[in-house]
Structures are given as structure tokens and as C-alpha cells.
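In the two complexes that follow, subunit A is the common piece, with subunit B as its partner first and subunit C second.
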Partner chain A sequence: MTEQEIYQRLQARFDDSILGFESDIPQPVVSCTPEAVGDIAKYLRDDPALSFDRLLCLSGVDYEGLDEKGKGKHREINRYEEDGTVNPVEDPGTGDLAVVYHLESFKHHHRLCLSVRVPRETPKIASVGHVWITAQYGERETYDFFGIEFEGNPDLRRLFLPEDWVGWPLRKDYEMPVRYNDVPLEGLGLAVRDEQ
Partner chain B sequence: MSEPKQTGPEVAFNVVGDQIADDREQMLDFRIDEDLAKVATPRSDHVIVARVEDLFRWAQLSSIWPMTFGLACCAIEMMSAAGTRYDMDRFGAGAMRGTPRQADLMIVSGTVTAKMATRIKRLYDQMPDPKWVIAMGSCAIGGGPYFKYGYHVVKGVDMMVPVDVYVPGCPPRPEVLLDGLMRLQDKIRGKRGKWRKPKWVDEYINTIPR
Partner chain C sequence: MTDVRPHQDIATPAGDIAKPIKSELLHINMGPQHPSTHGVLRLFITTDGEMVTKVVPYLGYLHRCAEKIAEGNTYHQYIIYTDRMDYLAAMNCNWTYCLAVENTLRSLGVEVEIPEYAEYVRVIIGELNRIASHLIAFGTYGLDIGAMTPFFHALREREAILNIFEKVCGARLMYSYYDVGGVKWDIPDDAMDEIKLFIDLFPAKLDEYNELLTGNKIFVERTANVGVLDAATCIDYGCTGPVLRGSGVKHDLRKDDPYSIYDRFDFDIPVGTGTVGTVGDCWDRYHVRMLEMYESWRIIQQAVDRIPPRGEVMAKMPKNLKVPPGQGYYRAENPKGEMGFYIISDGGTVPFRCKTRSPAFHNLHIIEHVGKGQMISDLCATIGSLDLVLGEIDR
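Presenting the complex of A and B:
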């Protein structure tokens, strides 16, 4: 089944929840509303004609500074300066966040990319952990780096970063930390060594 | 102590006596330490006089035990250096220990993340004295490729533990690590390293825009 046909099938079934279809890119994308993700995922897996039995990848995107198509100019982001200090960019983000699911069917050998945008202020989305078990870790990772909350995930904790870490590092308005507990994170050492 | 006299390879024979087999002699051969004469003075065929400190240092530098400890991509080069092709054991540093309690040397090979930095500190504290640290690769030296946007990377392991030898590269080839090891041996021996900074290094550094 081609992506176009999958899109039409989904639209016939879910109607308003399916927001759009982008086909002029190498991997066509179907987008939908965050509330409907759980139902759509279940349908995608269980419908015999679709049977997407594998979640290849679950990832987060920050659309801050980008337009609807994901294009736009480079946004100035926070960083450490050459002398080791933190350079803050006083520009809190307003763009949406998104979760992208890449799906594959072993049975029919077709693929689908499902994209779901969530507002930056309330990044909440239904979990698909009960549909594909692998999603539980992908969701934890996305929560770890983007702060997107997956409602229904049984164990939504940070995955890679320490549990007491502050902030969501892969958001473009992330504030660079100066210290983490007793560990200095700015490039102070280099500055000191240069002076000597 | 009298003026050390110039001695040749036969000194090793004097030290270990003639009952010990040839390969054992090779291991204790002072030739790896350039010259026994600088450490000790042979008085007769079977007696040498040396300062205990010098002999201990010689023993320490000839049997550095590194801790089995790799953090990132650089660790692959460290494994390679310990493998058969480069064979770090030739310099007495091949006995990788699985516990900090038995190790002298910590080779920090890779990216020091904020999460790992506290563990590195603890492992260093657990190592018995005397102990040394080699910072291997740009990451351990100063953050490396993660300097500008690496929110999670400590910009140099010397912010957590004192470092004896810096081994630059991304990753450093095993030869460079071996060279760093030999510079560490020089340091334990109480000598300056053989490597001097060529003049062009400073000139080059000045051309880098800030």
C-alpha cells in the first residue's frame, strides 16, 4: 500500500483527527491531532491491510524558528562562549513541539511516517506504549530531551540524563547550565589555563 | 653517592645474579630505564648501591597498572593500544585492573559527562597512592567537539581530578597513547619529558581567531 492509500484509509476512518498529508518529500508524512494518537496507533497495528507491527523510531522535534514545512532561518541558540562563559539568548521559544513516529510493516513491507504537533506550553500527548512496547523507551527519551509528556506511559522518567537534571536540553531555548551539583559545566578550566 | 660510572647492558646481569633465566633477566633489564648508572652504583659483581626511592620509582614506572575504564570512542583506541598489535604490556602497563583498589593509573579515555564526572571523582579517590591520571583525547582534555553546545560535558577532566599527562587527538592513535605512557614514566622517574614544544606551535596558536 502506498502512503497515499494509507492516508486515504486513515482519513476515511478518523476524519477530523487526520490533519494533513505531505507527499512531496522523500518520506511522506501524515499528521494528526495529539488526542487521537492512541486510537490511530491501535488501528494502524491491528488493521489487517495496514498491520504496522514495528515502530522503527520515535523522536521529538522542536519547530521553534521553523515554518509549517519545517523550513526557516537558523535560530540563535544558547551556547558556551570561547572564553568558557555561558552566552544566554533572551528569546524564549514559541514554536510547536512535535513527535514523529516511523512505522514499518513486516507483513506488507510498507512504511509510514506519522507526525504529531503539540503546543509548547502544554506538551501532552497520548502514549502508544501499550501498542508497541518499544515506544515506552522512545517516549522516555523524548520526555528526557524535549519535556513532552506521554499520558499513559507507565514509567515516564528521565532515561539518559540524571533524574535531578533541570530543563529539556534539545529544546532550542534551553538554558545552558553552569553547574550540575558539584560538577562545573562551563568551560572555566580552559579560561584559567589560558591565563597562566 | 659517588659519581655514577658509565655502564653497559651487563649491569642487568649483575643485578639479578646468574641463576635467573634469560627472559626474567630481560624483564629486569635496566636498559629500558636508559641507564642503571643514573639510578644505582654497582659496587661489585653482585652488589649494587642505590637510593630506595630511586629503586621504588623504577619499580613503579615499570609496572603501571591501569584501571579498565573507558568512556567513549577514545576507549576503542585504548583497547587497541592494549591489544596485540601495539601491546602496551611491553612497557609494563598491560595489567588492566577491574577495580580502582588495585590500579595506579587512570586513563580517562573519552567524554566526561556530568553524570559520569562524579563517578570518576569517586573512582579516583578509591585508588591507592601513588596514582596518576592520563587525560586521553580532546574530550577529556577540554570538552573537545562538545565545547560549545555540550550542555552535559565537563570541559576537561582536570576540573574533577588532577591530570599528569595530556594525550591530544580525536581520537589519539595508540602510538600517541603509548607516547603519553612513556612521558608518564619519565615523570615518575623524576625527569622532564623528552618532548619540547616547537616554536611553530605558539605561532600557529596566535593565528587562531578568538
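Presenting the complex of A and C:
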């Protein structure tokens, strides 16, 4: 099945929850609402004509700094002084966060890219951990780096970073803390980089 | 941290006998410094006597912010960080990343014509590194089980491969040899001679390994019917590579989704058959790796035979590589399984987002499932059979 057919099938079944379809790119993307992703995932796996039994990759994305056409726009980054103090950017960012699922079917050998945008202020999305168990770790990783909350994940903790770490490092407006547990982090040359 | 249960007073010695022996659940930290966890993996296990009732992996001891670093470095600069992911198969990680960037470029309308000679060099070097990675898996698995000798044999042959790599690119572990558009240098003559010598000698070594470990009675006792994973569970947990193939699923991206020039070579995909136990046990996963070394040897042999006369090793690429706005997820078969890069470009010289799908990360997850109900010693055998590399898991 091509992505176009999968999209039409999904639209016939879920109607309003399917938000769009980008077809003019090499790996077409279907986007849907964050509340419906659990049901859509279950349908994608269980429908015999689709049977997406593999979740290849679950990624978080921060679209801050990317315009509608996907082009990068000028974005300011935090400046660090010699003594380690931060001059944060004035506009902390308004772009959406997103979770991207890359799926594949062993049976039919077709693939799908499902993208779900969530608002930056209240990043909440339904978990798909009960559909593909491997998503439980991917969701923990995405929570760790982006602060996106997956409702229904049985064990939503930070995966790589310490549990008392502050902030979501892969967000574009992340500010590196100056100290962590009384260990100074300044002067390490982190994030001091010329703007391009 | 122990499980405190209400204590019941025992009134009489006779009652003492009548009651079954009560054991308490014990929580143990296995790792991060544990010889059989292959790096800094920490498993928090709950045991009932010798039986494991729960396994919870704790990750992040080797986390180096690779994905954040990717957003601050150019496409070329990030190649060296992919070395540090699966450091036992750094060539393959380089290759996967370069492949992802090339495919992203191609899909967005930028012509990338990799010279045919470079493709052959890529296959030869990549398959050599697959053998080197599987040799480590084979050797250290013997160590986990308690067999010391295979490790020395495995490292001896790995040393030969590392010597070849040193002649090819000057490094023995962190190569950064593959580049977007080809490889950095040609294979020198003496390295090519060594590769040919290696091809001649390696099958005899494989027989040696099989004599040493594969059929060893103690080894079979320790690994057959241990850590059995059925195919559906493996797929559900996102396992790939020898772990998935050990469970009898014939899936290899070199055949199923061919990249580079793999469609030109004749090789098989070995799968677990349950020769000495059940399909999908530790022995099957181990044996799939042994057979894969032989298949890699076949590919190298064919590639060395058919390699075209010396020529360019790099495509014509702009010095300041800019990728047009767009995105793509591209993958390749690494020794540990399917590795993929999801690249989003904003049109600049730096990736907007570069997510790594690392195979060992997904292969590790299944330990939560398979570890339950095992003996502690079997858990060690199972971890070893998954062939985890923490550099890739934590990134």
C-alpha cells in the first residue's frame, strides 16, 4: 500500500483526527491529533490491510526556529559570559514540539511516517506503549529530552539524565544550568559557539 | 530497600517444621561495574533466592549528548561522533550516518554519485568491521560463560583486522573513514594484500572457534533453552539484527532493503533453528553471529575479486555541505542490528535534528521481559547473547 492509500484509509476511519498529509516529499508524512494517536496506532497495527507491527524509531522534535516551509529562520541562542553566567534569549520560543513515529510492516513491506504536533506549553500526548512495547523506552527518552508527557506510559521517568536534572535539553531554548548538585558546570566551554 | 513482610511468630518447633521456608525478596544492583554487563550497564534486579523476578535497566552512564552535539556541528563534523556510538563497529556507524546524509541529499534533489570503486571499498571495510564486532561478541560471550580461551583467539584475529584498518585510515578504533560521498582515502597496496591474506586464513579460524566453543558440552548446557525469545515478542520490542534472526525471522536490510551494492553479492541470511535447544535461545543468537561471520567473509571475498581498477574514492561534494530543507529516516544493517538516522534539515550546514535509532537500545529493552524468572547466572548468559554496546545505547 502506498502512503496515499494508507492516508485515505486512515481518513475514512478517523476523519477529524487526521490533520494532514504531506505527499510531495520522498517520505510522506501523515499528521494527526495528539489525543487520537493511541487509537490510530492500535488501528495501524491491528488492521489486516495495514498491520504495522514494527515501530522503527520514535523521535521527538522541537520545531522552534523552523518556518512553515521547513526552512530555518534566524534564531538566537543563549550567550555565555566568561564567568559562566547566561544571557538567555529574550524570546524563549513559540514553535510546536512534535513526536514522529516511523513504522514498518513485516507482512506488507510498506512504511509510514506519522507526525504528531503538540503545543509547547502543554506537551501531552497519548502513549502508544501498549501497542508497540518498544515505544515505552522511546517515550521515556523523548520525555527526558523534550519534556513531552505521554499519558498512559506505565513508567514515565527520565531515561538517560539524572532524575533531578532540570530542563529539557533537546528543546531549542534550553538553558544549560550553571551548577548541578553544587558541581559547577561553567567554564567547560559548553554551548559557546559563534552564531552562523 | 528490602521487602518487609509481616513477621509471624513461630510458637512451637513442630510448627516451625510445618511452615514452608520463607525467603525475602532481595534487591541487587548489577553493575555499572560488572564484568558481564559489557560496559556501564546497571541492572536493578529483584531476586527471590537465585531467581530473578524483576529487571530494571538504568541507563545514561555513558550519555554524551550526541544528538545535542549534532545540532551544533556541520554534517561533516558529526561523523566523528558516530564513531563513538558503537565503538566496536565504528566503520558501520560512519557508513550508516554518511548513507543517511547522502540519501537525504538525493531525496531532496542533490546529485550524489558515489564512485563504484568507493562502494566496493565501503563494503569490504564494513564487512571486515562486522567480523571484528562479531569476534568481540563471540570472545566476550565465552568469557561470560566461563570459557577464557576463545577470547584470546577472537582478539588475535580482531588484531589482524585492526592492523588492516590502521593501514587504511591510521586509526585502530575511531576511524572516521567514511565520508559523505565516499571514503576518505584509498586502500593502500599492502593493506589490500593483508585483506587477501586474511580471506585465505579466516575460514580455518572459524572452524577453530566452532571446535572451541560452539559444540562445547558445558557451553551448550549453559546457553541452550536459556533466554528463549519468540519472534512476535522480538518484533514487539523492536529487536533487530542477530537477536531477531536468532528467533527465526529472516530479516536483514542488506537483502530486504538493499543499500549500497549489496544486491550484487551472493550471501545467505542465517537464522536460528533451535539446533541444540529451542528456536530463539541464547545458543541460537550466538550461532547466528558465527554464521554471519562466514557470510561476511563470503561478501569480502566476492568484493575483493570484483573490485574495479583503482579510481576516485570520493564523489564531487561541495566543501561547505548544505542540505536543502527536508527530512528523512534512513537505515542500514549494523552488526548489532538496524541502525537509522532521522535527519531534519533547515537548509543550513547544520542538521536541525539528527535522531539516532540505535539497535542495541531496542535489544536491551527485551531484558525486562526475558530476565523475569531466570537464574542470575542465566541472566548473565542472556545479556551476553544480546551483544550490547553501551556507547550506542546511551549515545
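The definition used in the following text is that the second predicted complex is superposed on the first by the 176 of 196 C-alpha atoms of A that agree within 3 Å, B and C clash if a C-alpha of one lies under 4 Å from a C-alpha of the other, contacts with A are read in each partner's own complex, and residues count from 1 in each chain.
The rule we apply is simple: a contact is a pair of C-beta atoms (placed from the backbone, for glycine too) under 8 Å apart; a residue touches a chain by one contact, two chains touch by 3 or more.
Being a predicted model, the structure only gives us computed values, none of them experimental.
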Which of subunit B and subunit C A:185 touches, first, second, both or neither: first
Touching partner for A:177 - first (subunit B), second (subunit C), both, neither: first
First (subunit B), second (subunit C), both or neither touched by A:61: second
First (subunit B), second (subunit C), both or neither touched by A:28: neither
Touched partner set for A:161, first subunit B, second subunit C, both or neither: both
Which superposed partner A:169 touches (first subunit B, second subunit C, both, neither): both
Touching partner for A:147 - first (subunit B), second (subunit C), both, neither: neither
Of subunit B and subunit C, the chain that contacts the larger number of subunit A residues: C
Contact residues of subunit A, present in both the subunit B and the subunit C interface: 161-162, 169
Touching residues on subunit A, where the partner in the complex is subunit B: 77, 79-80, 82, 84, 161-162, 169, 174, 176-177, 180-190
Parts of subunit A lying in touch with subunit C, wherever the complex brings them together: 25-27, 29, 53-57, 59-62, 65-66, 69-72, 100, 102, 106, 109, 113, 132-134, 136-137, 145, 159-162, 169-170, 191, 193, 196
Complex contacts: residues of subunit B adjacent to subunit A: 114-115, 117-118, 142-143, 147-156, 158-160, 210
Subunit C residues touching subunit A - in the complex, by the definition given at the top: 59-60, 63, 65, 67-68, 71-72, 107-108, 235-238, 249, 251, 256, 325-329, 331, 338, 340, 342, 344, 346-350, 352-353, 355, 357, 361-362, 365, 369, 394
